[in-house]
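Chains: A, B, C, D and E, in written order; residue numbering restarts at 1 for each.
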């Protein structure tokens, strides 16, 4: 469904993404992990059209979309969330989500109805009239997801939506992500919380210093010494191994 | 019983950019009202007193229109003043809706009287009349001195006033034997006159003809002095500063010899001296607004006498048909033409000489001989 | 050293803290745990003077701080390393550290910076770089380093591991352990419950603006209810 | 068309006038950079400073350049109080609030000056007013040359303050991260007020440099605001070097275009340069991209 | 957000018209015409500055375009006033589109956008002041001739009704914004442009529409101004006073609200007239008082008068309940 071909992005001297390629199969949940500053968010921005790459191409559904504007990509079904949440501060929760819903309906009533429905689904059902600035970090992350869902995407790009949740909350969110996938939305997600990555992802890519250093099944990737060296650290790798053994 | 007073509106910029002018005008008008009332008021109305109602045009057109409306509501018999052309244009129009007589003081745009508004009169000379006089006297001045001036540069502010004058100058000067080497426009307010002066230095004209407001004139004169540009003469038309005692006081060197063709009261009249005293006593510098508004009020009083009524239509009729004594303005008899322009209105030529501003033309009013050319 | 009693605070009309009481003793690491939005960050903000307390008391080394302004609190040695780091992106790393000692006399500042560099050698390498260009982990180190420059007696860390890669998280906890070992009192707010409880001596569990459970970390770790609610086990 | 001497002189003159513009813009850009406010009262505050210089000279017989030493601290204190006790509390930190409050303040200041001084124009005559510096065949106005030198020095000083002192670092810190600043014990309202105060002190310096060759009336400042805004944007909002370079650039552009287009149309030159720069480089010459 | 319903708007408009017809004459009538013109200009500003969050300091560009179109078409080409009005409004939209195209393509926003609009307006002012086509510095004087085809009336209440009609249109446009996708998109891009883009909002197109509508409304105000005062020049039509007046009225009343600009215009200009009474003969004293009241009003109603009224209105019943 999504093919990222040798994308490169430079920021005045710094090569943030260096010839990185990945592919996301339709109906899958694909993970993208890597150390802080590896270029994951930058890669997302290029896929969603917010940054123009210095080299390489993005193919979506077999078509080259590298030159398309972000709103055009959104209309074609690509939705993203922002790592640093970006709510419409002056709007309440329902209105925030409605802006996404307007993509498929020009009617205010319909958009608000859909918004309420989606809010329910992501667990913001009780906060419809709350100002988005009054939500906690986690609430805002949900709002990000809800807004993206309201555009009825076919490909959903999630950037660290689980950060700041405690283990039990994470456990509660995992089914939600799967449910979204099961309704036919393909997901590409950036995550540092390995518990989630191991549980959700069909395939994982590891980006380090802009380069793709590993890819494959989550379990295999976590065994990769290069990945352990650059990203997991031996402690976390141990812990993961132990957890996997438990499960 | 005491007869009902006659209310007369004075529309002047009491606040805003032109506030100083408005203040000077008010002093003149108030002085005249006091004089008239002290002398027994309007005889034809059984000694009715004049009552001055002040309207603040805040130096802009909408406020001018609004103030005119307010004067109308206050029940004035006529409005005098206006000061700037833009304000006078909208204010007279507003007054026209009520057939309220409006006599303009020193706004000079020809268009003010050319629209044929029945209610509108102008006491002072308009652009065309003033420039005609200015040019005639310039030729005389030059001829008398043995034709030292051949080349002229015009420096003007880019508003209605400066641009209008420059246009007429450009049309007429060449036919009078002067070569215009450059016409330089600048905005008001100007932050700097150096570039204008540099151009003047490069062109080195015999005569500079400026028309702009006080601040810009001061800037230019100072910069000319500093840059050592010494034309044979500076001949302003409606120059904001050349007829200002403040300028003469503060920059005697830069002001020396500057000539102006401007509204100016008769220097020989004893009332002129009194007005000057009053203005000075109020801590201000005397300028032409005071004698004009003084005289204008006098003209108005005569018109009411003539009309024998404070009725607007009758006053308009009286103004249109009559001949009036012009107070201390050098206009001979004031008489308005079919369009409402005072045909006998006339600017005077003045020159800064020593610490004073002297009238040099016309001979009837002159109290000094021109010093020309100034630099050798 | 820190005694909080019946503290209440909120934003606008909504009360977030509804009577919080807790203590931190000298040299101790205390963890404050709780779900999203229960008011942990709000508690920290009240302690550091960013949000006014509406009722209750805060005593720090004997001084009443519930109505004190931020500079006074910092001077007293109660230093808060906030959620989301809040370093100065347009200043160099070194300048960030210098400002950490804004409330302290200039004398001895250079030595203190050297001490921080010794703790975080990476910061020394980046001394002249703009802080905004640091990686997430480095920014977190800088935030803590800046806190240390203020000569803390008690350091409040709000979610220091948020958004960090597993390797970084590991390093971060190691570092906190070292700081604790040097005798510094630490109040640690974390979602990373497992590692926090390993590090802390005591812990408080916050729910809905109230402390609902507290005790020794080792005891809490095996508390069944806690396990279900926070560890997802 | 013009002799090289005239052109060179015009450009030098533009450069020197531009320096004074830069000084006015310096305060504006600093205030923008830290408080993120477009200070509409800047022009009115310049007028206040000019009146103070005028008072010091005309009433107390001070030399206009020495007057700076008196007026700058007064303006500093005035600016501090204005931000701390009026702009800050009244605007609630909202952009629109600040816009209205500073606009309102400019109305208040302008009219208070009008009430106090009438709309009269005031000038001072000092020994320097008509002095020139002769550089070979070039005649350079002495006050302008002084203005240029003092501007460069002031900019340098400001730069040093911002980068070497604690308060300077605090000002830069607050510009980008208020919360973090509070947490290291910086009082944000104090830093805001200090920034505003420094901006006002810069105006005092500009006023002292202008008065020997300019005039003041209650509306004088307005003539400089627009050009100062232009410079701030051109140089990049919040950038000190940007303000200096922008000011010099605008001065030169103004001189050149008024020499070749006339003073009136020449003003278009400024705005066109401004528009084109923004369209090509939307954050100005030295502005950081957000 | 305060969202008045259509009937409320209708009542307000009818009330204005009734006041106009029933009890005004002379100075008050004149003042009210000016209030309506400013309210209309402010409504134009509000579409862009209030809803879309693109504060402009240069709405004079649109106002002037309308005013000059009105004046030039009538005096130079003898075109009927009503046609000139339509052309003027269209020209306002076009000028908006041009300025918008250039600045939005470069991604200008915030203060940068505000100041570039100011620059455009200044360029227009300087050009209008020095071009003969626009009457140069002398400006343009329209002929005083009353009658429906001239859009001038002997009884000026009719002209006031027309201005009220335009204000009503402006209110309707704002009302529609609050109830439509387009309006939601405007607010979304005001709050966060990137996020809006991510949700499929064609930010550029939405902004272009907004500035065109905004330009058209403000240009209509310019047309009416020219027709009312029958004289314009560059400083009147393109001067920064109108940019500031429009922005002032909208923000004081409440930016991004339906009724804000109207209320702001009425309060500001009404206040201006009232403070004239307190000048006590000291020049500038009235404006000084005006400025002080302005600052105080911002201090005590930071979200605009509309919001202040709303919160007062809401608090009253709450208090009643407590009692």
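As a convention for this text, contacts are C-beta pairs under 8 Å (C-beta built on N, C-alpha and C of every residue); 3 or more make two chains touch, one makes a residue touch a chain.
Note that the structure is predicted; figures quoted are calculated from it, not measured.
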For chain D, the least number of touch steps when starting out from chain A: 2
Touching both chain B and chain D we find E
Averaging C-alpha coordinates per chain, one finds the centres of chain C and chain D separated by a number of Å equal to 43
Cα-centroid distance, chain C relative to chain E, in whole angstrom: 51
Taking each chain's mean CA coordinate, chain A and chain C are separated, in whole Å, by 29
Please tell me the distance, in whole Å, between the geometric centres of chain D and chain E computed from their C-alpha atoms. 31
Note: chain B residues in touch with at least two other chains are 15, 19, 23, 158, 185, 187
Where does chain D touch two or more other chains at once, residue-wise? 111, 114, 118-119, 264-265, 267
Can you name every pair of chains that touch? A-C, A-E, B-D, B-E, C-D, D-E
Taking the complex as given, what residues does chain A use to touch chain C? 33-37, 83, 134-139, 160, 163-171, 192, 194, 230-233, 235-236
Complex contact set, residues of chain B against chain E: 14-15, 19, 23, 56, 60-62, 65-66, 69-70, 72-73, 86, 89-90, 93-94, 96-97, 109, 111, 115, 117, 158-164, 185, 187
Would you mind writing out the residues of chain C in touch with chain D in their complex? 48-50, 69-71, 73-75, 79-82, 85-91, 95, 98-100, 102-103, 106, 146, 149-150
Within their complex, state which residues of chain B touch chain D. 15-20, 23, 158, 184-187, 189-192, 194-196, 198-199, 201-202, 214-215, 218-219, 222-223, 225-228, 246, 250-251, 284
Chain E partner contacts - residues on chain A that touch it in the complex: 48, 50, 69-72, 74-75, 79-80, 82, 86-91, 95, 98-100, 102-103, 105-108, 111, 147-148, 150-151
